[in-house]
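Got some structures for you, see below.
You will see two complexes here that share subunit A, one where it goes with subunit B and one where it goes with subunit C.
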Partner chain A sequence: MKTKPFLLAATAIGLVGAAAQAQELTVWDWKSGDPVTADYYDSAKAAFEAANPGATVKFVVQPHDQYYTLLGTALSSGKGPDVILLHGGAQAQTRADALLPLTAMADGFSGAEGFTANGEVIALPLTIQGFAVYYNRALYEAAGLDPNKAPSNFAELSTACEAIAAKGEVPCFALGNSQGFGGEFFISQIATSTFDDADYTAWAAGELAWTDPKVRAIADQWAAAAEAGWFYEGANSIAKFMDEYEMFMRGDAAHTVGLLSDVAHWKQFEEFHGEGGVGVFAYPNSDAELARLPFAGGIGWAASNQSAHPELALSLVEILADAERQAIFAVDTGALPANLAVDTSGLSSPALAEALALMAAAPGGMPHSILAPSVLEEWKRQSQLLLNGETDVDAAIEAMEVARNAN
Partner chain B sequence: MSKPAKRDRRILWAASVPMMLLALSCVYPIYFAINNALKDRKGYILDRFGLVTDPSIENFVTAWSRARFDEYFFNSVTVTAGAVLALLLVSSLAGFALAVLRFPARKLIFGVILASLMIPVQVVLVPFYQTIVALELLNTRIGLILSYTAFFLPFSTYLMTAFYAALPRELVDAARVDGAKFLQVWWYVMLPMGKPALLTLGILNTLYCWNDVLISLLVLQDERTLMVGIAALRGEYTTNVPLLSAAIVLGAAPIVLLYVIFQRKIVAGIATGAVKG
Partner chain C sequence: MTVKTHKTKPPRKRRGGFGSKQEQRFAYLMLLPALALVLIFRVIPLIWGFFLSLTNVDTLGNGDWVGFANYARAANDPTFQDSLINTVILLATLPIWVMLPMLLAILIHQGVPGGKFYRAVYFFPAVLSSVIIGAIFSVVLRYDGSLNNMLGAVGIDAIDWLGSSSNALGSLIAVQLWSTFGMGVLIFMSGLATVPDDIIEAARIDGAGFWQRLFLVIVPSLRPIIEFVAVVTTIGVLTSMFGLIYVLTGGGPGTSTTLPEFLIWLEQGKLNRPGYAAAISMILFVMMGGIAWMQVRIMSRNTNL
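Let's look at the complex of A and B:
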């Protein structure tokens, strides 16, 4: 039969044509494997494919601990993904050369500074990252404190911790510092309330000495809190993620320094203590009148300049970061959205409302995120030694200065 | 009871206690995974080590459908089956050649294969990745199948060579006298005789390929195999332990099943290579 070769040829041509028309974008992240995020990704995929007929998108989850290594090898071999999820700060900024500029699309996002390099926004923020103190209202009440009155300054926090200590059932703060994260977060908790713009610039350049009173306050107040018995005794033996938070969830501590992003936040804590069972405040610095809430851009979406379909990649980034998608992500994961157009009024949580109010009333930066890695590592070590009583503040400051000058 | 019998009993007990503790250390992680896979997240946080009180298969369903383990399972089955078939074919032919045929530098080639067994995968990762990229095999299942074949071939060839070398050479000579060509000797004589070794090799290579993370992570970056999918369930800061436990149980189940069915062959196969090199 002569029709058979003809049909085969036509089929082959059809397949080749279809392959040529198919435009599949590949997205790399470390979130899409989490079932909690499934609706967000499904919604983005549906919106993108509806807006771009013939185009498809494939989300590929990568193990987080290997993510930036894999991304580096893929980009260097020219085989990287079209769209990439990145952390704000150094992780995004050091990859600016591989990313498309998104400045024209970046209006209306909070935390875009962390995704800006060479004057261009290189990723659209998806979430806000920051540190808030969460407290257990039931334990406040049990200690004779007003559960609806969060400490707003250092004296009030001291009073609360003394009352909780007097009750003697739980430590004032759950703390996990086996990897130094407790100490790391403490930098931003304290310094955010006193640093001005000039301090941030000097701090980032490594020119702000640890002997400066604003910086020394970090070590002073860390050691003082430890000495006063505010922290869980075995802090250096347990991990912040998630031992510390699970301790707080179980009601084994009155406070924890949690996050504003998609873990260790209001939503997870309310699962255990009920809606309204958790309160939020910014950690007070004893040298400052106003306790500021440290936060910045968390994670964000970038488009690779290696993409074979840059227009489509930009379209996908816009959809992944739009208000409709961020609202889904916020509701499902509990992360605070970076897109200012997201309507959070549907979220009834009092803890969330308190966090949002603090962000508006007393915004602060995240000094720890711009500290040189080697100096940060030294502070983590010193924070552990201070907790153990193996060093004192003067010696710790001296060690920090050695690390700063060596950098 | 006589004195020597009593002494033997005491020795037996003395040996049994550490052996039981050792067995417990092996069994406990399995219990931990299954027990926690049946809990919800809240139940796990409130009581990590306690026995599940309200068991649910929700985590298995979630892992399979929402965490896309159905896709990963398919990828793992495809690359494992492809690689194991390729390994059996190539190693059987190579083993036949090295054990039966006589050709120059035969021992040198066998020595090189043995030496390559001693090179850790990590050492050659960079040139390996460059080769994969240059051959346009990145992000292809065939690329991963070929990678597994290449990395696990030295051991497979060694095992098959040792096995074929232990067979009576008269079998080959008789077939040759009957007019069989070398490939016919391999097909009609050596391959059927080599079934036990091939079965062992098939099981061992299935274990290697199925459990691999490193090579899969590097070669199949845009798809995911089951073990990489499990690794990806460990979040940036936090891990949903019940979900991860369910994923681990799902990932391990086929291999455990395989091991239970073929455990005698596996043990016998490990001894195979020790006979003759």
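Let's look at the complex of A and C:
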């Protein structure tokens, strides 16, 4: 007879336990393991749990290089996380079917177009991502160049590279292309200065042929730069992350194409070369007068439509992307916040000031991020072959067209 | 004349003896866990993979039935074709994969000084994961790596071991060979232990020199081992080079180090095309099935030796 109360109690405990477990949200990202971001995540967790009594949040850090493989497997089995950190562009847009619409929450964010699919915003941007050319002022001076005058067009960049080559100590550009990232970045470096809105639409739809002069310029200028000896020899055996950047930080190359994103290269590079030791400019397209700086929404928070608690998931996304949290993230990591309400005055530095001025004066998009993944993969291959001189531009364009039409 | 016949009694069935229904049931019961594991983790995924290869689903499960379109796509996919050519090149190096460990095993067996030390050293890389080996050799083989620095010190120009299409696959094969040949050495040493010493001694007394003893006595005795190592190595290189490719070259430059197993990961993990990845997997499975069939034939033939 004593077993009955015991069973009732056990059942009650079980139900309470199940209810408590059911209130736990799981978040996947590749950032929460970084000690620098600890205050951001602690603050978001505290704010969420205060706003939603009884609910808890568990951040699960995943390996960055396997992130989308793991996420795809989890989502296809219906066991995906409640809240997901995503890259803007194709990585977010191809997963739109698994995400809740966030359009009603998306006012006041820069870069939201990179997280928009089928007319709905599907993630709230946490950072802005862009590519900038960083240069080493000391090496400019050593090559007889004005260290305070960044190249503003292709002719000036050519002059700078010739002077650096004549000095004969370092290559003009550090480059790591073992995984094709050098080639991938180059798409946005070149196309952003010539693409108009119609081009972006056609490009995203896979309707802009690689034979189009604006697109062909990517392969032409990549091959020309390689032939002119601008890039580090052996770049196909060097990883962009982090060997290329370590090369630049050691002073073994005059330029590198780095990030303005949740990876704050301006901050890292200034730590090595000193404040003011690094300059910033947008990579010039030889077919365009104005060199635009490519940037868009970098990474952002999305809520899964598989979540058992969609309201809680939306609440957590809102907190993770609000101005208070983004300010913490920006100050601690050096990332540029996407929430326009964040005060960025705490991020001042000479290199960042130059980058922000370029963003305001010559903003461009990020064409590489909206290219179909299989076409992008083929360009990575072709970029390696062009770099080695193992193919020519015509053959590369032909291969790109085969990939575009097969997609 | 009458013939006495002995009416032989049928053998009395022992209680619980071999063949009784009870014992058979028990045997099936014991086999059940293993069969269930094979069924759940091998057969069902294989069937599921085949049906997946007939669809164009993405990783979210959205897609349609496309019949054999993925197989037709593979037939016309230049990247897949390149991966098959790379596979053929890889298989063409098979004699090296077999001969090198065999020669080293024979030398150790013949009692070269420090043989036990070399046996341990040769086997050591076999206990390292391919990712660790890849990380080590990426430092050694990159353009500004230690190997080129060493060559530079003796006046030889740097070679792009990993970044050039003409060198990358060879470098990858060399690293994989380095990391796995120790296992072949051990297998050959086991085989050499079965070669009777008196035959070798008799050959020696008959005046056979070292090379004659090697090629006329030892190698023919090792034939079953050579065939076994050849088949096992072939299967190994076709299915276990992913880690090295991933860390060292990423399949490039171009497609020069892309093998079918790497392409499967690329299509599934990066390009969000599980249906096409499943089709390539099925083709690789058929290739491996052919090699496994060869292996079974070789092994069964050698049971009569």
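Keep this in mind: the second predicted complex is superposed on the first by the 366 of 407 C-alpha atoms of A that agree within 3 Å, B and C clash if a C-alpha of one lies under 4 Å from a C-alpha of the other, contacts with A are read in each partner's own complex, and residues count from 1 in each chain.
Keep this in mind: a contact is a pair of C-beta atoms (placed from the backbone, for glycine too) under 8 Å apart; a residue touches a chain by one contact, two chains touch by 3 or more.
Just so it is clear, the model here is predicted, and its values are computed rather than measured.
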Which partner does A:287 reach: the first (subunit B), the second (subunit C), both, or neither? neither
Regarding the shared-chain residue A:380, is it in contact with subunit B (first), subunit C (second), both, or neither? second
Just checking: does A:33 make contact with subunit B only, subunit C only, both, or neither of them? Give me first, second, both or neither. first
Now for A:402: first (subunit B), second (subunit C), both, or neither, which partner does it touch? second
With the two structures laid over each other on chain A, which partner does A:97 touch: subunit B (first), subunit C (second), both, or neither? second
Applying the document's definition of touch, where does A:233 land relative to subunit B and subunit C: first, second, both, or neither? second
First (subunit B), second (subunit C), both or neither: which does A:72 touch? second
Let me test your reading of the model: by the given contact rule, A:180 touches which partner, first (subunit B), second (subunit C), both or neither? second
Quick check on the output: what are the common subunit A residues between the subunit B footprint and the subunit C footprint? 66, 73
Subunit A residues within the subunit C interface of the complex: 66, 68-69, 72-73, 75-76, 94-95, 97-98, 178-180, 233-238, 243, 373-374, 377-378, 380-382, 384-385, 387-388, 390-391, 399, 402, 406
Which residues of subunit C touch subunit A in the complex? 58-62, 73, 77-79, 141-145, 158, 160-165, 249-250, 252-255, 265-266, 268-274
Along subunit B, where are the residues that touch subunit A in the complex? 42, 45-46, 62-63, 66-68, 129-130, 133, 138-139, 217-218, 221-224, 228-229, 231-240, 243
The residues of subunit A that touch subunit B in their complex are 26, 30, 33-35, 38, 58, 60-66, 70, 73-74, 77, 79, 81, 241-242, 245-246, 249-250, 259, 263-264, 271-272
